Amino acid sequence: MNGGLIPYLSGFDWFNQTIKSTSAFLSFDTTSLLSFLIYAVFASLLVFLVLMPIGGLGTYAERKISADLQARIGPNRVGPYGILQFLADGIKMVLKEDIVPVGADRFVFYLAPLLAMVGVFMTVAVLPLSSGLTMVHLDIGVFYLLAVSSLVGIAVFLGGYAPNSKWSLLGGMRGASQIISYEIPVVISVLAIVLLSGGMSFDVLVGSQGGLPHRWFLFHNPFTFLAFFVYFVGALAEANRAPFDLPEAESELVSGYHTEYTGMRFAFFALAEYVEVFVLCAVAAALFLGGYNVPGELLKDHPLGQLLQLGAFFTKTLILYYVVIWVRWTLPRIRVDQLMTICWKYLTPIALFNLVGCALWMYCFDGKSIVSLLFESGVGAASGGH
Amino acid sequence: MGLAPYLIISMILFILGIVVMMARKNIIAILLGIELILNASALNFVAYSRFLTNNIDGHIFSLFIIVVAAAEAAVGLAIVIRFFQVRKSIHIDEAVWLNDEV
Amino acid sequence: MEYTIFTILPIFLLPFLAFVLGSFIVKRSEKLAMAISTVSIFVSFLFSAKIFSDFIFSQFSKDYYIHKYFNWFDLSSQGLEFSVDLGIYIDNMAAVMLLMVTGVATLIHVFSIWYMADDKKYGKFFVYLSLFTSAMIGLVLSDNLLSLFIFWEIMGFCSYSLIGFYHEKEKAGEASLKAFMTTRVGDVIFLLGIVAIWGVIGTVNYVDIYSAIANGVFEGKMVLGISLATFAGFCIFAGTVGKSAQFPLQVWLPDAMMGPTPCSALIHAATMVAAGVYLSLRMYPLMELGGITPFIACVGGLTAFGAATIALVQTDLKAVLAYSTISQLGYMVLGVGVGAYNAAFMHLITHAIFKACLFLSAGSVIHSLHDHQTHDHVQEMPRMGGLKTKLPLTFLAMMACTLAISGVPLFSGFVSKDRILGDALYMAMTNKVYWVAYLLGALGAGLTAFYMFRMMFLTFFGAPRDEDVYKHCHKESLKWNRNVPLLLLSIFTLGIFFSGSPSGQGIVKFGGEKYEWFKVLMVKPIPKNFTTYSKEKLSTQDNRDKILWPKSSYESHDYGLNEEDEHRLHTAHIISAIASVVIASIGILIAFLMYIRQSFSSERIISRAAKFYKILVNKYYMDHFYIKIVIRRGLLKFNRLLANFDLGIYDRYAIDGWEHISRYCYRIADFFDRYAVDKIGVDGFGFVIKDVLNKGLRFLLAGKVQFYFIVLFLVLAFYMFRISTA
Amino acid sequence: MSVYSIDVFMPVLILIALTVGVVLGGHFLSVFLAPKKSSKFQTTPYECGELPVGMAWSMFNVRFYVVGLIFIIFDVESVLMFPVVSVFKSFNDMGRGGLALIEVLIFMLILISGMAYCWRKGDLDWVKSYKRKQVE
Amino acid sequence: MFLTVLFFLSATLTIASGIMVVVVRNLMHSCMALLGCFIGVAGLYVTLGANFIAAVQFMVYVGGVIILMLFAIMLTGNKPEEKVGSFLLPAMGNRRTLTWGLITALVFFLSVGKILLGMFGIGLGKKTAPTDPSLFESTVDEIGTLLLTDHVLAFEMSSVLLLGALIGAAIIARPETSKEK
């Protein structure tokens, strides 16, 4: 049914041939085995070649961009333009002593970074890199993504709770309540898009948009335009990014929920955070900015087209990623009461309003975008009058 | 996979839930047991829906069980918190008295 | 008219929605709540008017009915049938009742717009009225005792809230509590009756009860040593006694006058109290089967007479009306008791109209009189007098109603009351028990005429007794929301609307059968004709032509008597008509002589019969009896007794006793241990006594949640075990 | 109704295994490579140089719970809305959009009224409830 | 094949975590075990083809209920004056309560087991899904359609339930207003 890696590959003859020949050789149906191998390889590639570098380069980019914005130079010693800085950091992390504070809840202390990592990395399974090279287009795609990423909230809470440190605990409590609060406007904004496209699977969500901006959901109607910003603000808060980085506010909480984490565990928390930002940006790109759609549907059925789609996807996502960092170094941190006010008194009502608006739009205009209503008014008048 | 393994797992979960409810004196722990029991019943519904009936009503039932469980957890925990504010304890045997003098 | 969801349900749902909406917006806009409430009740009046015209004008058949049902819930499984249907049953009686309820309620709403205008809780009042009206309509539409009981209780709640409407007054709070508690006594017994019926025939549908009666289901069934029909009939009648304020539960109604006057008019005069009589009429076949009709007649007669005597000495305008309400309800119950089915129902309707009008007029009078010192309204008749010139329109309306209630020929009260008394006399000729009922009723009629005219004379005639109050009373002018409802209601006090012979049995007669519509259409149901009976599901369509109409479900209006009995009945009616007129005239004459001519002063009579007067002023010491004897001496003592039992006997002997016993046992065991046996036996014994029995008992009584869990799960396990073996 | 193979959940499991592997691997890496010479002061929880007093696990303000509570209600709401919303389009195409719209609107209205209640009563205010607490 | 693997993994996780919930005497760890149990049950849902329900399980239980429970534990866990610090409270039960629990469980196990045996006796347990066991139908659309048509009343009533829970719990959990009022 849904697209994804294996259905995409089964469109090729060599793949079917391989299945046939190995089945004949091993005398059982090797589809599952082969797909397991392919998935495993692809997942490893994705994790080690995309996500980890993104986490690492994220830190580099963060420093470099902040340096730009503050008219500094930033890291410039390790490698050309300091680009290998993240490797140096990584090695340093490994070599750091792993300290467990006195009185800490050891089991939970070890569990928290694992949960954060699992919660974030599980989302990658449905991340729509391109129409073929996505691991799998589940029929509950975006819902699965949101559901799985709720593990991060628990991880943050546990990370704050476990080390028996007051800073951590404050950060953890704040973080958990912030993450769960901002999940609501995010989910409701996503609901509006699901309503317009009529499915939760990413291939439906992305497939009902087009390559050029006028066919993006961002410009579909005024409500989705608003929904994008609601989603984006909510996503910033969910990833504990500035200006919503209260859980790790340096000036008041030292370092928030990962105050007591050192070495690899700290690295995992940081990696999870950066990857989560990436995933949320990717979802924003897929839901609102046309995802992997290439303008003009260039080379759609050709294998090379997949690379173009990858390009489109990464371009959009990384631009959003840049915006996230830009926001961090531009806006001051907000207060905790403002945080809750923004979520419950602004974003959630607006998101609900958007959802209702989209439902009405769907009902009144048969889900046509505002552009098509304006420029294809003749067609609209003929089939309108619902 | 047949129906039997699911029913057995569900039964084990249910019984574990009962043991938790019986053995713990902490109200929150008792609520954990209740969640286990609810999960067991929801699992049963889905299993029956898959193996016995050819419709999806079992899924809907599970969905509503989960909804009700969430509501139950919210209200139950709110009561626990209130109880703690009054009695400074969440020992279930503290809940014997109706007035707040003891 | 099509009878579908869309035409029947709005009658009930519109006021209910007005209540729901109103309760939300009443804090925002009182006026809007009022408007919604009034408009909704008016619309449902239009609907019921359509139903009325359908039943009375177009069909004109005593067998015409609508019965629709829907399944409320169904818990049936294999072997166990448990399904509850609710439904709508409209026959001629319900149609007339509906028109009366919605019509009177509309007019009272209109009147309330004026009456409550300067009240702080203006909107809230209308919200309560809406809830009440919807419940009353629901009660009339109900096809079974269960939903009737539900609406019955909602009305009880509304009555409670409206009596205590000015709950800042201590007396109002007490009165509302009293009303609630007193009616509750009747309601509990009523519920027992419902349960008894349900237990036997498995349904509480009127029609099913009728057919069960016809099929002899009730025969041979005994409850507590008396036959089931008697038991159930008595229990249901107890509901009537509570709701319709019959002896001995009449004490709440006079106190209920603490509520605003329009609510007294609607609830405590026209509709809710009449609902009890309506219930008795619906369950008449059961009561007849149970053989408790003589008892009912006597209760009715006693109430009619007793309340009338108390009314003689009341000085509060509304109190007179309250006692007259009790008295008139007594007549209706008397009518039920003597089998004057349509007369009792007719009296219900006529009384509702003229008593609503009387109350509204009283409200109009009270509202225009102020005590400029306390800024309260004046209700005492000794401070009124001579208001005829100041309030001419109110006077007109009130006079018409007074003539009606006093039983003056050509007015509606005469027609209905005379029929009840005529039937009572006829029954008295055959059964001596009914003489009590008839004589009490007839005497009560005279007293009614006297005290009503006394009230009129004291209020409107003579010289003003309190110049100050009189001076401050503005002369009334015609207002749409003050006088129009009064005048409209007073028009319907003319007997011609209800009978072709408003001046008595055939003395002056108009037209043919159609003019006797009340007599022809409102007739007793005959149970045996309900055995072949069908009902229809309530839906969006009306499929009535598929229903098999029963040949004749209701008794013919001529009672099916032979010629001799017919003659006797006719004679009885003539005699009682003449007697009524004579008695009423005597009453009016005495009142005239006493209060207009002042031929003999009331003070002298009071001083002559001081003891009797004191009894009357103290309402036969009924309140005293209830509060001092039943509650203080009885219930409180009983409570104390129970508490003492709990503390003194149960705690001391059962619980502490156990401990004592175990302690003694332990001592004995200890003794044995020291002097006779070895340790094992003693320890074992002590363990059994102290740990198992003692702790076990304590465990049972303490609220250990987990112990309940254990019991719960074990019972569950037991049932699952049973299921698995079955 | 489209049919899918259970294998679509394979990547999820693989990713979980991979992540757990990465975390455990990192852990063992640091076990082998990192120095182990923790002292008493090194392992005390960080409090800017002060020695910590008491345990960190103290009671928290109830407002965290209220936030969680409102969250879970809306979470459940969104869970119920997801399938409904995803068939909204097909309902609309079938011409039964009005029905779906009304049902969805009723559902949301009821919940929004709950939120309005909480808003009105000040449960959404972070600071106000705090002030009230202080007054006590 | 994968179905079997997933089933055994999930079943093991579910039961092991369930037993952990019973055995572990630290409330926080018990809660973690419950989390594992929920995840295991979600996996079982996946093996039953109920992928939407599995995600719901994740979203509501893992993302909602567990967090709420953690909050509740933090809010009630210990008395600040006692300085106990960990959650090894006596309230986690003792041997006597455990015995009672085990007895009840045993009785229950026997009765449920009897029913299950009876069911398996008539061949119910061996019943497998009508089609290829590893193929499933997508359920989301059907659930959505049913929620909008057949089960619309339950759908709407659940919103009323949630409203009630929201208001009720908010009132209960609201910090106490000063008593002078």
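Each chain gets a letter, A, B, C, D and E, in the order it is written, and its residues are counted from 1.
Following the convention adopted for this analysis, contacts are C-beta pairs under 8 Å (C-beta built on N, C-alpha and C of every residue); 3 or more make two chains touch, one makes a residue touch a chain.
Since this is a predicted model, take the numbers as computed values, not measurements.
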Neighbouring chains shared between chain A and chain C, ordered by label: E
Shortest chain-hopping distance from chain A out to chain B: 2
Farthest-lying chain, centroid of Cα atoms versus that of chain B: C
Higher-contact pair (C-beta pairs counted), B-C versus A-E: A-E
Greatest separation from chain E - chain, by CA centre: C
Separation of chain A from chain D, taking each centre as the mean of its C-alpha atoms, in whole Å: 16
Where chain C and chain D are represented by their mean Cα positions, the distance between them in whole Å: 57
Whole-Å gap between the CA centroids of chain B and chain D: 20
Averaged-CA centre spacing for the pair chain E and chain C, given as whole angstrom: 52
Residue numbers of chain A (touch at least two other chains): 1, 32, 36, 103, 138-140, 143, 161, 164, 173, 176-177, 180, 183, 200
Chain E, residues touching no fewer than two other chains: 2-3, 47, 49, 51-52, 56, 59-60, 63-65, 67-68, 71-72, 74-76, 85-86, 97, 100, 104, 108, 112, 138, 140, 142-143, 147, 158, 162, 165-166, 169-170, 173, 176
In chain D, residues with contacts to at least two other chains: 2-4, 7, 10, 55, 57, 60, 62, 64-65, 68-73, 75-76, 78-80, 82, 85-88, 90, 108, 115
Pairs of chains in contact (touch as defined earlier), listed by label: A-D, A-E, B-C, B-D, B-E, C-E, D-E
Residues of chain D touching chain E in the complex: 1-7, 9-10, 13, 54-55, 57-60, 62-66, 68-73, 75-80, 82-88, 90-91, 99-100, 103, 106-108, 110-111, 113-115, 117-118, 121, 123, 129, 132-133, 135-136
Residue ranges of chain B touching chain D (in the complex, touch as defined): 63, 66-67, 70-71, 73-74, 77-78, 81, 85
Of chain D, residues touching chain B in the complex: 62, 65, 69, 72-73, 75-76, 79-80
Touch list for chain A against partner chain D, complex: 1-2, 4-6, 31-32, 35-36, 39-40, 42-44, 47, 93-104, 110, 113-114, 117-118, 121-122, 124-125, 135-136, 138-140, 143, 161, 163-169, 173, 176-177, 180-181, 183-184, 187-188, 191, 194-200, 254, 259-260, 263-265, 267-268, 336-337, 339-341, 344-345, 348-349, 352, 355-356, 359-360, 362-363, 366-367, 386
In the complex with chain B, residue positions of chain E that touch it: 3-4, 7, 11, 14-15, 18-19, 21-22, 27, 30-31, 34, 37-38, 41, 44-45, 47-50, 52-53, 56-57, 60-61, 64-65, 68-69, 71-73, 75-76, 79, 89-94, 97-98, 100-102, 104-105, 108-109, 112-113, 116, 119-120, 124-130, 133, 139, 142-143, 146-147, 151, 154, 158, 161-162, 164-166, 168-170, 172-173, 176
